[in-house]
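Per-chain numbering from 1; labels A, B, C, D, E and F assigned in written order.
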Amino acid sequence: MLREGQIVFTYFHFAADEPLTQAVMKSGITAIAYETIKDARGNLPLLTPMSEVAGRMSIQEGAKYLERPFEGRGILLGGVPGVLPANVVILGGGIVGANAAKVAAGLGANVAILDINLDRLRYLDDVMPRNVTTLFSDRHNILDCISRADLLIGAVLIPGARAPYLVRLEDLKRMPPSSVIIDVAIDQGGCVETSKPTTHSKPTFKVNDVVHYCVTNMPGAVGRTSTYALTNVTLPYVLQLAKKGLDKAVQDNPALAEGVNIRQGKVTNPAVAETFGLECALA
Amino acid sequence: MLREGQIVFTYFHFAADEPLTQAVMKSGITAIAYETIKDARGNLPLLTPMSEVAGRMSIQEGAKYLERPFEGRGILLGGVPGVLPANVVILGGGIVGANAAKVAAGLGANVAILDINLDRLRYLDDVMPRNVTTLFSDRHNILDCISRADLLIGAVLIPGARAPYLVRLEDLKRMPPSSVIIDVAIDQGGCVETSKPTTHSKPTFKVNDVVHYCVTNMPGAVGRTSTYALTNVTLPYVLQLAKKGLDKAVQDNPALAEGVNIRQGKVTNPAVAETFGLECALA
Amino acid sequence: MLREGQIVFTYFHFAADEPLTQAVMKSGITAIAYETIKDARGNLPLLTPMSEVAGRMSIQEGAKYLERPFEGRGILLGGVPGVLPANVVILGGGIVGANAAKVAAGLGANVAILDINLDRLRYLDDVMPRNVTTLFSDRHNILDCISRADLLIGAVLIPGARAPYLVRLEDLKRMPPSSVIIDVAIDQGGCVETSKPTTHSKPTFKVNDVVHYCVTNMPGAVGRTSTYALTNVTLPYVLQLAKKGLDKAVQDNPALAEGVNIRQGKVTNPAVAETFGLECALA
Amino acid sequence: MLREGQIVFTYFHFAADEPLTQAVMKSGITAIAYETIKDARGNLPLLTPMSEVAGRMSIQEGAKYLERPFEGRGILLGGVPGVLPANVVILGGGIVGANAAKVAAGLGANVAILDINLDRLRYLDDVMPRNVTTLFSDRHNILDCISRADLLIGAVLIPGARAPYLVRLEDLKRMPPSSVIIDVAIDQGGCVETSKPTTHSKPTFKVNDVVHYCVTNMPGAVGRTSTYALTNVTLPYVLQLAKKGLDKAVQDNPALAEGVNIRQGKVTNPAVAETFGLECALA
Amino acid sequence: MLREGQIVFTYFHFAADEPLTQAVMKSGITAIAYETIKDARGNLPLLTPMSEVAGRMSIQEGAKYLERPFEGRGILLGGVPGVLPANVVILGGGIVGANAAKVAAGLGANVAILDINLDRLRYLDDVMPRNVTTLFSDRHNILDCISRADLLIGAVLIPGARAPYLVRLEDLKRMPPSSVIIDVAIDQGGCVETSKPTTHSKPTFKVNDVVHYCVTNMPGAVGRTSTYALTNVTLPYVLQLAKKGLDKAVQDNPALAEGVNIRQGKVTNPAVAETFGLECALA
Amino acid sequence: MLREGQIVFTYFHFAADEPLTQAVMKSGITAIAYETIKDARGNLPLLTPMSEVAGRMSIQEGAKYLERPFEGRGILLGGVPGVLPANVVILGGGIVGANAAKVAAGLGANVAILDINLDRLRYLDDVMPRNVTTLFSDRHNILDCISRADLLIGAVLIPGARAPYLVRLEDLKRMPPSSVIIDVAIDQGGCVETSKPTTHSKPTFKVNDVVHYCVTNMPGAVGRTSTYALTNVTLPYVLQLAKKGLDKAVQDNPALAEGVNIRQGKVTNPAVAETFGLECALA
């Protein structure tokens, strides 16, 4: 049971949960939220490992749901000698997308990765296996790609904003029958118009003969890997809190300060405060 | 409906199905069985593509069943930066095993492939990615490997014989909890003592906290790829039959002759004949 | 000037040149032809290096003639980050095709290599870079591939026979406008119906808006490399002739014996003899 | 026809063309020049894709002009098994040089890339294929390298300055006979003393038995690829201009502001103004 | 012999050598020390090439001292087909560690590289061969790794500080018998508690049956390579001194200014001054 | 102590040791010699793993003896960014040579491998890393290569014959000063004229300023790896002897029969019998 003065350091997502926010304010604890810790370059270091896990997992999910018994089109991602491999299209070349591309290429698929950041595409061109093609992400290229996509990975995440709909309802009919979409961006609302959150127990649904996989919290399925990955990034903050105490730790490390959402009964994160019309105190 | 004089060219597996054998004998058709076509080097060319498909598929099945919701140990095959990848152990370096190794390595796993044929291991050492280690297959090495195996692929097939039990019931307790076995050799009885045939609708069961996946006819799940792969190898025979007629085709091509199992009501394959105590006619 | 008793060891191609045949018969020299030396496995070892050179060269020719000033479609084989690479389709997975594939893949193109020999495709799948896809060569796959081919390499050679027409006149209209065909098989008649021999001084022509490059003796353009490559294979025979004399060398080495076409005024090669209605003496 | 108030967004190179400058000043249009758009890091993002295209193209040009019929030394860049590949020396490890190296390595050549920026060489050492050697660029290493260079790529570009002469007239005699120089830096004056601009219709000339290829606007030959590459980088600016209008777009995006060269009849680029002794207005 | 007014530009390490400091002060020369030149990003560019050399060398030393006649455990780093390769564990993913990993992977070993900087590990995951696994460096992972390490590379260097002891005396007993430690960090005191400086003439000693190699100045053994590497980085500074003279060169280049340790008889480096209780003059 | 009737299965090399031969004949044991077991293809399967070990080891020996303290020329095989790697020349592309090339390439050296078997070079071209160049082995190429060789590996072994001298005394003066030769062929007499057998305790000597390393029984230094490698190949024979007894085992397995050198006091190997003028009994 939580007691006043305690520090709780975990995922909170207060802005999406008013009752939780109220309860934590009442409890008197200090709530430091993984998801708002932000480093000097504007990155969210405690979300990165989960993006890596989800990106890599997305291809194995796609491979599975392309199987006939799971309503997919019955195609093996890597093909075999003499038979074409599958086409995998990845929307977004960030952490999720790059990790998905690496795995899909490793499986032997024919991979296209789309992004609007050309410097990022240049780096990916340097380090990705040769069966990954980089492509500028505009409407024309997206439509061209999805018309051949056996597997589409939605990997567009805009920090702090809703993911844009890059694939619309009417686009689905261009996709091959029983192709598969894995919308990793579902936690930010998805980058496919027809995506709706699903769970590990019932992960998929079909719209216009396209299988949609939109499981929120994908990394939960590989908890052993995810836990190690998460501990690697949270441990340094925990050690700082333990060694220095809250005040000094927050003062020395601005990234940690960004993580403090509620302290001494007061909301200290501007976005949370604004969402619920509360005053925002200093961390 | 089949009529006398027709040629039917497909999988038959007569030796395992006496009623089928009798019915085909009565029908008067000529039955050419994919599974007994054998080339000059003793290979079974019409089984090869199915072994390729099954080998590649085995890793994506293993990846999936390692997920927590499928009772696996919750580990991602390739790990992420800072977290160890999974250990994949492949028993057998033939077509199934080599294809499994290629895919597992592509996913970023730490792969060991075991075989008793050192020339084969030398070739694999030349062409496999660097995260594949080749290892001589003896009891000591097998036990050592499985004690660290998150995923074990049974890929030992001895042409025309039952697969040997390389992993026994008592060995399972050495494996990590909730690790996964994919026994691709299940069609020849499996190379793991605890394997029992399963289906795509209920593919797994657990013995001693080890998930067993023993689906017979794995390639059926990726029918699109499998069909192309199969057609590539059967088409030349079909063309020979169409152009030359049965007699000339069989005379010119000894591999095709090996495929003729029943003709004009008579069994022409020695193994089938022996199984059912019938006389064996010439093809 | 040639004198009786001399041994001349070079390319002759007598069957295509009756005056040469007559002149050599009169001269009294012994003519050993590179092109008919055949080893125990039926290979033509003195042709292999020229196939390697031609295969590798074919891609740099294709790259060049795809340029706009050379009437090509103005596409760079490897693309650049954000822009798709070209599609290269290679008909034939033998020495010419494999060498072409290696180079095209190295340039960053998206490569498909087609052959009817699945064991060969399996080997190529093992050793080729990941942007090479192997595909069974049937009419359906050929038509599907050429409809996207920016560059098509004709690399089908059947030893001792005319190359088959795998691409017909009516197929050209499926190819993208100003795409390029390099028909390396032109020395055996070409594997594209519209191919006609050309020279290094006027290497290309257009049919149905497809650029055709059909230079015979392609390796001549890189004479320095070709000469070394050829000397590597001919030197051992020259040394045998020098050390042992003609009789003993031919007796000891059946491959060399296959090369003797004319000796002491008599034709000793059955094909040449038959072509000109002459008697065939023993080598 | 241009009308007052229109915005024209393309390459202008005003400083090299006084009549053009005068005409545009009179026309009343706003001239935004691709070549002067400069981002916060000092890069010229609208020149980058052309450098990528030219760098990759340079090797296929070099391969071609090394052929005997084009007066080159008759050597195949990748060699064949048993025969050495060509030596390719690339002066400059920037965008042009890195793209050239990637392609030359892909063709199988033995590649050396020289630069004075060791951090850049370290990155190239990490990502380039193994047949690329990085080398510090000093006079000693340059002379040593060119004495073995079958193909030399001039890829030294200093933003906003004339390229330095790294290879002088007297150095040419050290190069192998009939070797080839592709001077990609020709648009900035070339980094080889004997370079003079040429065109796609007559691309080469020889000095001291070394073939020089100095085509300005190399990317024009692969217009399809170049156009896509250019559109990828210009489109975002076009969209900003269209959405926000000139004033707001320029105000919001300093990179775009750098591109405005002439506006309302006045030169707004300091370098252009200085070149023609004109006053410089604010963009 | 040194004369007043001369500039000497080399390694000095004054803080560790008071007599040298005094002598140089008296000589009147200007002493610019390689080891204190520091660029804008805080790097020490004149130490980097020595770290690269030492990192790459560390593996060949390890390979050698693993041999039986050198008291190692008699294991070949890369194994052979059918026999497991050695486990190489590298503590630290900086310049030394990354160069060691590249070489160990090239030899075919099974490599783990540990660091606390996850962004660094992500980059290494992108560019390293597939037999390199990245791992977060915490006490648990270190102990787990060393218990399987045939070869351990100490590559943890903290600029300007003593290396931390990541492996303690009591940890040695976990290592396999006759395993080998190469402590490249020995110049900063070593990152293994039992390390003591050794020399090329007697490079190793054993503690608890673990071979320790702790040669200071490892790069001296490959002087030819090291000299070129060092000249590449020092030459630009030498040229600036030669062209501009000391005052102007130091003024224009802050990195060079950091290198001036003693000038006109006065210490100008704060750390050296503090060490010997001297006043610090301005460079 | 050996007793009559025992079977001893190990290396014997009787032909080089008459006292041993006599003693074994008297003892009454059956001596099966590893070195004369020969399979159907004429290979010596029990020598292959030792060739693999020696080939891989040769490069780490070479790297070490290139160090200055070991009298080498002080060059690091892989160089560093900005400094050229070493040139490694390997004479012979068989098992020793191919394993040496793989390791040298992995270390980052510039590798040339020479052989007269072009089919072998073609395979190596397919599977070796890109910094390995294959080259036809003739006197001209050998002299050209060794004039740039920092490290020369002698890997020419002709089964059952003395290795030929490919490098002669007078050739040494062409090699760079303090370069290194590792003559792995020393057990067959060496392929360098100046080679003389050495031991692990004093492994090298210098001739004409070239370091020679000619240790016989190189694999002994990595006994752990060598023992596993050897057991992998001998175990199947041991099992056959144990299960079937000598007579049946030898009868069923001609390779094993070739291994029997002495039985019931009589020499059964023709070469041994001939060497000592003894009668040869049947195995």
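By our rule, a contact is a pair of C-beta atoms (placed from the backbone, for glycine too) under 8 Å apart; a residue touches a chain by one contact, two chains touch by 3 or more.
Everything numeric in this text was worked out from a predicted model, so none of it was measured.
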Type of chain D:chain E copy interface by residue overlap (half), same or different: different
Comparison of B-C and D-F by number of C-beta pairs in contact, larger one: D-F
CA centroid of chain A to CA centroid of chain B, Å: 37
Centroid spacing, where centroids are CA-atom means, of chain A and chain E in whole angstrom: 39
Whole-Å separation of chain centres (CA-atom averages), chain C against chain E: 55
For chain E, residues that touch 2 or more chains besides their own: 49, 79, 81-84, 105, 108, 118, 127, 136, 228, 232
Chain contact graph, described as a line, ring, star, complete graph or other shape: other
Those chain pairs that satisfy the touch definition: A-B, A-C, A-D, A-E, B-C, B-E, B-F, C-D, C-F, D-E, D-F, E-F
Chain A partner contacts - residues on chain C that touch it in the complex: 79, 81-85, 105, 108, 110, 118, 121-122, 124-125, 129-131, 133-136
Residues of chain A touching chain E in the complex: 45, 48-49, 127, 228, 232-233, 235-236
Chain D residues within the chain E interface of the complex: 116, 118, 126-127, 136, 138
Parts of chain C lying in touch with chain D, wherever the complex brings them together: 49, 52-53, 56-57, 60-61, 63-64, 66-69, 73-84, 99, 102-103, 105-108, 200-201, 220-226, 228-229, 232
